[in-house]
Amino acid sequence: MSQFQVRTDLALETREKFEEDNVEIKGVRVEEEFRQEHDIKITTMVIETENGAKAMGKPRGTYITMEAENMDCQDEDYHREISLELAKLVRKLLPDQKEPLSVLVAGLGNREVTPDALGPRVVDNLLITRHVLKEFGKYAFGEEEVHAVSGIVPGVMAQTGMESQEIIRGVIEETSPDVMIAIDALAARSTRRLSRTIQITDTGINPGSGVGNHRHGLSKETVGIPVIAIGVPTVVDAATIVSDTMQTLIHAMEENSHLSALSTGLNALNDMEKYELIRELLSPQLNTMFVTPKDIDESIKRLSYTLSEGLNIAFA
Amino acid sequence: MSQFQVRTDLALETREKFEEDNVEIKGVRVEEEFRQEHDIKITTMVIETENGAKAMGKPRGTYITMEAENMDCQDEDYHREISLELAKLVRKLLPDQKEPLSVLVAGLGNREVTPDALGPRVVDNLLITRHVLKEFGKYAFGEEEVHAVSGIVPGVMAQTGMESQEIIRGVIEETSPDVMIAIDALAARSTRRLSRTIQITDTGINPGSGVGNHRHGLSKETVGIPVIAIGVPTVVDAATIVSDTMQTLIHAMEENSHLSALSTGLNALNDMEKYELIRELLSPQLNTMFVTPKDIDESIKRLSYTLSEGLNIAFA
Amino acid sequence: MSQFQVRTDLALETREKFEEDNVEIKGVRVEEEFRQEHDIKITTMVIETENGAKAMGKPRGTYITMEAENMDCQDEDYHREISLELAKLVRKLLPDQKEPLSVLVAGLGNREVTPDALGPRVVDNLLITRHVLKEFGKYAFGEEEVHAVSGIVPGVMAQTGMESQEIIRGVIEETSPDVMIAIDALAARSTRRLSRTIQITDTGINPGSGVGNHRHGLSKETVGIPVIAIGVPTVVDAATIVSDTMQTLIHAMEENSHLSALSTGLNALNDMEKYELIRELLSPQLNTMFVTPKDIDESIKRLSYTLSEGLNIAFA
Amino acid sequence: MSQFQVRTDLALETREKFEEDNVEIKGVRVEEEFRQEHDIKITTMVIETENGAKAMGKPRGTYITMEAENMDCQDEDYHREISLELAKLVRKLLPDQKEPLSVLVAGLGNREVTPDALGPRVVDNLLITRHVLKEFGKYAFGEEEVHAVSGIVPGVMAQTGMESQEIIRGVIEETSPDVMIAIDALAARSTRRLSRTIQITDTGINPGSGVGNHRHGLSKETVGIPVIAIGVPTVVDAATIVSDTMQTLIHAMEENSHLSALSTGLNALNDMEKYELIRELLSPQLNTMFVTPKDIDESIKRLSYTLSEGLNIAFA
């Protein structure tokens, strides 16, 4: 039953769902690290086989997740640590190429909807260098090796009439970067993860992910160059939160001893009937809604700064 | 059981809840009108007695609600009709005073959180006249009677360290307006109402209302001059949507014939036990979250324009 | 001497400069109309020959200028008239093509610098239809002929590291519009013209024009499809205003009878010496500065609305 | 003649003007320091007597100016140094009071006009603490002494219909801070100083200063508590730049040997005639215009961050 209405853009949560349901997935390798001094947990998940990819509903590749309880707090020094860690992880996922690189950073999402503004606001704070290098050469920076960084905020379809993918493909064709970094706000399953998790993957953006839920995919297959995606969950789908709670309610009824009569009744329903019961109750309007914290503006401000710092360090 | 976690800033929905529960409320008079040509429904509710006020959990006074299915559509002519109607309703609630009036419009809420930005953005589009009248007199406008309109966007506590109430009281003390219009984004119970309903009341802003849920009250008692509040629901509290759906689920189980065993089981629970069951399932984090449509940016843009037009017409 | 430091993006002003200097230009045809009821002056200038183009420093083509004293006033009905007129002029310059058209509107300039934000803000208020047509077909609009409108805000080089031209070429390659409309804030020579003039031309954007002064050209030659440019002057170059005033001063000295000694002295200088005199006084920093009205925010707000209305009417 | 059209909000420049004209001012004490390692020059000017105040056209008090060539460059470490220095200077000017203090920071100016947005954007990045202290007490911060910081962005008259002074007086009356810090963008005489100078004064805001040129004064006399004003010049008045250049031109003519005939002619004019000559040439429209750098958006972004950091350090 758990496949119903549970949408998450985090590979970590997809895997957790399997664990909840006691399903084993093959072809997925997982490693966990804990940086005690900064209270950061790093999970590296590699989907190694096509079967693993099918089971996970996500393409083969590496998914690194940084989790930190304090990521949503107002502490500049701590955010510096996260930026440094992020820079390391991004560089780890970069394809082996001769350096310096030409990097296009795409800030996906809708600047006008607070939890979806992460991508655009990361690009606002980036150190953009491509135009200076083109005009003055690397000596403008007094260093041996300078990466050329460019940035684009493609906007959303209601604003442009175009897919982000169309705009980005065009820009790549014209400016020929070596690699693209795509920044996006994500949907999680659990409210507990919002603004406290960063996912970095070398598989790019999956079709259908993001806050607005209408993204076409952005990957080497669709844009022609390697795409590293960096995402932070900032919303939970309204349908997900409601269906999740209802399942918890049903589960509680089944477990709860002083509700034994209920338990009997529900056991009489098969999974399909439970599914139907919930589907009837879920208003179709919920599919166009999301859940987000009331102070999301402060999280987005902090996170966008932390992410752009990470990229500025990675490509300095 | 229905009083649990169901928060709404709409008097209309508070009353509907009583009807659902088959509770009759005394001291509340209701009139409904339907403007067929523009598909606008207007409900006027007058809380006439202290008992009515206590039952409704809202102060005595008049609550007018405009409902229109198409309020959330992109049709300028239609929005003009709503602005005209709004202007009439606002003028109807104005205290009897010698005109021209000096009017302070306060745009409450957080400009940085999209569904809470309604108030600030209404003030952005207002025709502000007070300073011109003060400098050049009414002849600057070539008319007999010109109202003096001023506007303030007090911001939210995390931005200013101050209550909106403190800022507004100070501004009123210094500039002595005759009446205040407070614009605010509201929380509804039903997602169906979001961006399609306008509530106008002469009771001001209730403590605890609004998207951010931390407003102190703004009324004649607290700021010293009559306060007309204009609100549009743009969010549903996450706790409300979840608890509401769970209650519907339980209700469905109780009603549903092929779930009769369940029915028996649930009937064995009294209201308090059901309440406890839900409370356990509701994560406390939900109280800091709201549900809002993915295209809320477009609704806020349109609505803020429609509301400022309404006020510009009312005080032209 | 007048060619010195006098930069203007308005063909009208280039021609005036020739008239000031009593120079006749061949190959340029001019027609003037006056719409008395709305106090709008329309000048159509056609640069017909290569010699005319060389003399004017602008490519061959049609330059239409709307001038209206009240364009900078707060009167919605009047702005409606300007929008209607603009729609007519834009349609007049459209290439003969089978309709409906696919139109890309590019909002050039820097959203973060008020007088340069015109282009981006025009796109903010456009009726974008391309994505709806692509998904639902023209019947979504219940009309026979619906133009597909898309919009792009390419940003400026300091923000993206890329030329607007690069981004726009890429977008055109991917989405194949029939025609492009480029909106841009312009530099005028005279402060009197700021926010009161609209120039519409079928020659596109000239290299070096605009507030930021770094635009590459955007024309059929460089982007592959016809480009209609719509511009409004919002700044005067600081070097232009200073050198213009100094020339007026020198001119006044030469003319002024009670300054006859001066006159003699200045007459002793040839044009080259006067040029050198001014050049020495002009700080090189002035070339990175512009002059703009203190209330430019209000002008940009109104004008961007008037221009997007014009385009919405033209492509409805 | 030099008093004509030369407006500056910098006490430093007022004094320089006197030096240019070889006028000695009494009652003004000046000290200069140079922090070589950070290339920062600090000038402390104390207007000690009423005569000094009259001569300077500024009230008695202390004016500290920080000048640094690199203040307008993109170097975070360097900006940290400036923030630290600013914090020291602000604390130096604070009145002797028992600590911890309650501090109101007012961000003056117009958020919608880039060079005037400095004040509002400084408040955006402040660490606001008053509401936390009020709710949880100083132990929320785990420190002995915590200052209560609140912030207000009063907006400009065209947006609110009210004077900044009215709003601020009201806020002070309601919230009783011990001291106010007013942040404002200033007009300089020299373009060379733009974005490279910070003026800190214990005399508050002078009437008529600022980019918009319409400020009423904000000082202990008008708002009832000590006011420390922090300003950065971001514009030059258009009339100032033009009249200044014309005076330089006339001066050059008088000095220049190969223009001796001119020299004779101009010497025949007395100062009043020269004044009239310039006044005639200065278009009245220039008084409503300012000159600002094309990349003012980047300067404002950096400077607002540097100033808020300085205040965050001063009141941590």
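So that you can tell them apart, the chains are marked A, B, C and D in the order they are listed, and the count of residues begins at 1 in each.
Everything that follows uses one rule, which is that a residue touches a chain if its C-beta (ideal position, glycine included) is under 8 Å from a C-beta of that chain, and two chains touch if they have at least 3 such contacts.
For clarity, every value in this text was computed on a predicted model and none was experimentally measured.
Asks: For copies chain A and chain B, work out whether under half or over half of the interface numbers are shared, and give different or same accordingly.
Replies: Chain A vs chain B: same; shared/all numbers exceeds half.
Asks: Superposing the C-alpha atoms of chain B on chain C takes a rotation of how many degrees, nearest 5?
Replies: With C-alpha atoms aligned, the rotation comes to 180 degrees.
Asks: Round to the nearest whole Å and give the separation of the Cα centres of chain B and chain D.
Replies: Averaging C-alpha atoms per chain gives centres 42 Å apart.
Asks: Could you grab the centroid distance between chain A and chain B? Build each centroid from C-alpha atoms only and quote it in angstrom.
Replies: Taking the mean C-alpha position of each chain, the two centres sit 35 Å apart.
Asks: Which positions in chain A touch two or more other chains at once?
Replies: Residue numbers touching two or more other chains: 158.
Asks: How would one label the connectivity among the chains shown: line, ring, star, complete, or other?
Replies: Contact pattern: a closed ring, each chain touching exactly two others.
Asks: Any two chains that touch count here, so list every such pair.
Replies: A-B, A-C, B-D, C-D
Asks: Report the residues of chain D in contact with chain B in the complex, numbered from low to high.
Replies: Its residues touching chain B are 123-124, 128-132, 148-153, 155, 157-163, 166-167, 169-175.
Asks: Give every residue of chain B touching chain A within the complex, in rising order.
Replies: Chain B reaches chain A through residues 110, 112-114, 158, 191-192, 211-213, 238, 241-242, 245-246, 248-250, 252-253, 259-266, 268-269, 277-278, 280-283, 285-286, 288-298, 301.
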